[in-house]
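In structure tokens below, several structures.
Both of the next two complexes hold chain A, though its partner changes from chain B to chain C.
Up next is the complex of A and B:
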């Protein structure tokens, strides 16, 4: 059973990314959306939390915030809205860390 | 009796699109600029994200208000403080931010930088020197 974990808040504002990334099990996927995408920036301190996690990030939310794909941590997968739906479909459950 | 000029500081600590704070702050700053006070603006914590250049909101159906920051100089808002620690924690440098300038009419409209990079202690001094603080 796999779970899709959604994080939509900046990791520098609250502990949601920390909670999600540390509770995730092997086979789970983390999707960063809205202000959550700041966690995927390689040079930022928070990206250390992503180590060992399968991470996807919303492309339109990155673009809105001026983050280009070359700034992302290694292995982060950029998706669009169709890719978001696909992830929801592929995983058994969705957990939104609001 | 001449009205006293007060030092107004607007403190921005939120990222631009996840909440409405950043946009609202910008509107309040621009309205406040009409009252000829001594206005400064601070960007710290996630607020530094507001000034990141290259924002393109076409994919999220929201207005990209980031070009408006470049107009602050025209409203005589020339003191924009950016906290160094906030940039560093987020892996950002001044090069990632918009280059904001103002024109100094006392020096033949010479273009000058508006952004002042300050560390937390220096920012504490700046805040202590203000009369009114607005938080967003």
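Up next is the complex of A and C:
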């Protein structure tokens, strides 16, 4: 059983990314959407929370916020909405951290 | 794969109303079935046909109605949330003595049981909110 964790808040706004990344089990995937994409920025204070997690991030939400892919932490996977759907397919459960 | 989508936020208020739409569209394009879209809390504001956004802006409500019509999707507004926010269909207008209705095409008003049933009947429940 694997779970897809959705985080849509900046880690500088609330603790959802911290909670999700600490609760995630091996095999789970974290997808950062909306303001959640700020958590994927390289050398941001939050990027340490992502260590050891499989992290994907929504490309359209990065683009809307002017974050280019070269600004992302290493190992972060950029997806589009079709990729979002694929992550929902691949994982048995979807948890939105709202 | 069968999906139920929950939308908790209104249009032009929070990105989640847009995220949910684009996710639903992508899922349909990949051949998945959307069993139900359940609009809860401020999400019921996605279902008012009286919205008139500027011409150069997206029409979130019309976009939902078109998606529902094109793919025969069951789109449900939570009744208690809709009553609080003045989203009214014929039945609610009669029951509550209102002189107008404003529900957009493709939506219907029903209870929270529809969310639970959607979750039970679907392979995945995906929630969009604040």
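The working rule: the second predicted complex is superposed on the first by the 98 of 98 C-alpha atoms of A that agree within 3 Å, B and C clash if a C-alpha of one lies under 4 Å from a C-alpha of the other, contacts with A are read in each partner's own complex, and residues count from 1 in each chain.
Here, a contact is a pair of C-beta atoms (placed from the backbone, for glycine too) under 8 Å apart; a residue touches a chain by one contact, two chains touch by 3 or more.
All values derive from a computational prediction rather than experimental measurement.
In the overlay built on the shared chain, the residue A:65 is in contact with chain B alone; chain C does not reach it. Look at A:88: by the touch rule set out above, it reaches chain C but stays clear of chain B.
By the touch criterion defined above, A:8 lies against chain B and chain C together after alignment on the C-alpha atoms of chain A. Applying the stated contact rule after C-alpha superposition, one finds that A:44 touches chain B and leaves chain C untouched.
In the superposition on chain A, A:34 makes contact with both chain B and chain C. Taken together, the two complexes place residues 8, 34-35, 60-61, 80 of chain A in contact with chain B and also with chain C. The touching residues of chain C, when paired with chain A in their complex, are 1, 3, 8, 15-16, 19, 22-23, 25-27, 29-30, 32, 124-130. Those residues of chain A whose C-beta lies close enough to touch chain B in the complex are 8-10, 12-13, 34-35, 38, 41-45, 47, 59-61, 63-68, 80. The part of chain B that touches chain A in the complex is made up of residues 14-18, 45-46, 49, 52-60, 62, 64, 66, 89-92, 96. Across the complex, chain C is touched by residues 6, 8, 33-35, 60-61, 80-82, 84-86, 88-89, 93-94, 96, 98 of chain A.
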